[in-house]
Structure formats: C-alpha cells, structure tokens
C-alpha cells in the first residue's frame, strides 16, 4: 500500500533501533518491520513498573512513541532522519501483564510530516488486553536531520 | 489558590513517588511539591538517551506524565488514587543537557477529572531550554482506586 | 461486538443529534448509527470555509467531535448523558471537496470513560480523501448529567 | 519577547481573519493581535449551541484553533502561510455564558513548526470561567503555502 523509497528500510530501521541506548536499557526488542508498520516487544520487569506492579505509563508512552516513529521511518529516504513532533496517548486499561507489545502504523505520509497511530497491548493471565492507543506526528529531516 | 483536602499531601506524594520502581530505575528525584504543583529532576545518563545522545522522548514523556500526575495528586483526598487518563506531549527542542526538569501544575480540579500541564526543561551548556510541553487528563479514584 | 445497554439507542442518538442547534445551523446530517459507531455528513457551503475555500479546520473538529461523541453515546444507558472530556485532531490533508463525512467508533468503553476515534473524509473531484483523524475521551454522566 | 519578521503583522493577521467566511458566519471578532498572541471574541447565539444551550464544543475548538493559529501567524514572514497540523483540546467546564473569549499564545517558534497554546473563557452570570485549554502545532508554509 505504501510507496517505499528505500528498499533496505528494514535493515535501516533495525540499525536505528539498536542505536538507542534506552531500548536496550529497558529490554525492548524490535519484532517486526514492514512498509509503514513496526512492532516492538517488552518483557515485564519490576524496574519498569509503577506502584501497583503494572508497566509504568511512561514506559507505555516510550514504546508507543517508538513504534509509531519507526513505522514512519520505514517510508523515509535512506538519508533522512525522523523526529517526533508530538504524540497523544490514551491509557485505556491497566498495563498488567508479562509482556507489552506496541504496534505502530502510518496513517498519512506527507513530504515533511507523517501521521501515525500505535496500539499497545499487554499479554497476561487474562489474555491480550488493549491497554493504550496513541496518535502521533513525525517530521522527516531530509538529508539526515537531528534525529 | 487551590483548595487542599489533605493537609499532609506533601508526605503522601513523596511516599507515592518513592513507591514507583521506574523513578528509581531511571534516577529521578522529586524536588518540590506544592498545592497543585510538582517538580521532578533527572540527571542525564547514557542509558536514557536516543541515538544522538539526547534524552529519549519516552523519558521526556515519563517525566512529564509523572510531574502532571503528582501535581494533581496533591489536591486529592488522603484515601484517593490517581490515574492518568491521557496526555499529549509536544517535543519542542532536542532534550540535550546534563539534567532534565519537569514542572507540573493543575489547570482545573474537578470532582472526578483533573486537567494539568507540565513543562519540561533541560539544563546544558547553553543554559536552560524549554524542550517539551504536555497537557494531561487525570482521574481521581475515590476511596483508593487502581492507581 | 459491543454490549448495548439500551436497545433503543438509535432513536435516542437521533433525538440527541436533532436537539443540537449547531448541527442544523451548519447543515450536518446523521447518516448512520450502529452500536459503538456513528456517521455524520456535511455538504460544503461557503460559510463553512477558511480563506482558501476548503472546509474550516474548526468545522472538521466539530464534526469529528460529534461523530466520536455519538458513537460513545450509543453504548450508554438510556438515562445517561455524554460529555466530551478532550479530543486531539490531526488535519492530514486540505479538506477540499463537496461533502465531508465523519466516521466515529468506540475503542474502549469503560464504566465512566469511553475512548473513541473518528476519521474524517472529503469527497471531491479526486475521489475520497482522508483529511483528518481524531482521538477522543468521553465521560458518561450517569442518571443524565450535564450532557 | 518574540522576534517579529514582518512589522505589519497586525494588518496581515486582520486581513487573514476577515478572509475566513466561517468567522463571519458565526459572528467572531478579532479583538487583539500582538507579537505571538491573538484574542478572539464570540457573542452567544442559539445557533452555536449544543442541546443544553451552551456553546457547542466544536465552536470552542474552532475558536481555540484560530486563536492559536493567528498567534503563530503574527511571527511568520509576510509571504508565508499558516497551516494547523494538529490540536488537542480539553473541555474543562460547560461553556455557558453570553460571550466566549479565546486567547492564543506562541510557546515555541521554530523555522518550520510553531507550538501554541490557547485558553478559552466564557463570561456569564457567575463571572469569567476558564472552560477549555488547547495545545497546538502549526506549520509555516514558506513563500505562501496552502493556507
């Protein structure tokens, strides 16, 4: 569906993900990269929790931000950078589970601005719960930008 | 300006902050708590960075979310819990600096819903930069809620 | 998919829509109501435009807000009221066309809070364009609230 | 505080406001324009209301969007256009009153993107109420853009 300008986008996104110390620090893994989409997994660890032992909302936001950001990055030119302009996150259910999964997808890919959505799920005792949804604006930094 | 229902709100907020493993994990500290406001500090560490060595946007969001959330929590009853319904974050400048500071304040305190704002700054070589701003909705969980 | 508590939700939503003077004023029509979803149409009129002759962004927002709000209202009890807590709208393409269509759907229906999404399209010379997307939080006013 | 690139920004903003049919249609007036700020007034009319006789949330959003948009437009070059990328609006209290006032201000003016905030008030029997707050992203269309 999406027009891809860099056929090697998958390797490029994986390299960018590996270059983010925060993703390593929290233990997140890039599990799927497609044209205009991206999926990130994160096993639960106590260090990532809030006072009730659920994933902290800040971590939910970090994963959603990245899933949307890399979904957009798949469609950009090989020499472009991606910047998050803003995102809006609704926390819809407690993020209680053994694993969190964030799925990002592109809604609109303009020349400079890209709009994405990400949905975040937790897998736990009661199956998969849709715990958060995000709407995001990215900016393409042509010819390698700030980020 | 704000009507406080729990005179011991400061100790209550500090205890809640200390009960969040994520805040310890990233090294954040609660530096100021007032009626309807809250300030959180975070020294830079490589583990918290994105690919350019700036604070990761997810960490900016986590700090803003908490600064707004605890600002709202100061005004709640002693037996209430606080829940982030949603937040929207604009990343306005690269979060490049030695230290990040998030300042949250209440805009409207309703019986059930509380609206807050948080501004995030980084202190670096070029002084203080206003790197992000957030608008947030909280829910009061009367009689101790989920969170 | 959604659990409906009021079997007469369709008539209830239509009556609520007809009771909004703004919708008549701009010429909007409710074209479809289903459990957890709602569709609103609006023919173009010069009075609704911005300086380039496209639908004004404020009208795009009004239609999206209502499409999401009524989608949520379909799932509420017969004696409940609905209140928009907040919404976030991305304007993705110029709203240039003869007709605007807003489609709202429920993402999460909690006891008090409901999260929805709305997509707005314009039909014009070049076919249908997806011009905006919205993410929204509603509050259920049990036993008829403010609205 | 803000660096102005077009000394005639006030006349330019007024002309742009007057060129928007929607503002005339609803009866809004531009009451103040300063560097990085803008104020819009709107008297109440039944046609602008929702089912309880308050200003409709869509009208609140339209006014906030414009107040933020023109605040940003004051800082742009004489030959630039302004485009709303997205906005997020919290409706904090019923917009019940004889008059609505939206005050927009710039938070960050980048070369391409501008971040603004708008606060909306209603004046009624009980004085002035802060009924809504908005956070917005604008894009500068260099050399006259789409809008």
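The first chain written gets the first letter, and so on, giving A, B, C and D; residue counts start at 1 in each chain.
To be clear about the criterion, a residue touches a chain if its C-beta (ideal position, glycine included) is under 8 Å from a C-beta of that chain, and two chains touch if they have at least 3 such contacts.
Since the model is a prediction, treat every value here as computed from it, not as a measurement.
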Farthest-lying chain, centroid of Cα atoms versus that of chain A: D
Pair joined by more contacting C-beta pairs (C-D or B-D): C-D
Chain A-chain D separation of Cα centroids, rounded to whole Å: 32
CA centroid of chain C to CA centroid of chain D, Å: 22
Euclidean distance of C-alpha centroids - chain B vs chain D, Å: 28
Multi-partner residues of chain A (each touching 2 or more other chains): 85-86, 88, 90, 137
In the complex with chain D, residue positions of chain C that touch it: 16, 19-22, 24-25, 46-52, 54, 56-59, 61-63, 65-66, 83-91, 94, 146-147
Contacting residues of chain A [partner chain C, same complex]: 88, 90, 92-93, 107-108, 110, 115, 117, 130, 133, 135, 137
Footprint of chain D on chain A - complex, ascending: 85-86, 88, 112-113, 137, 139
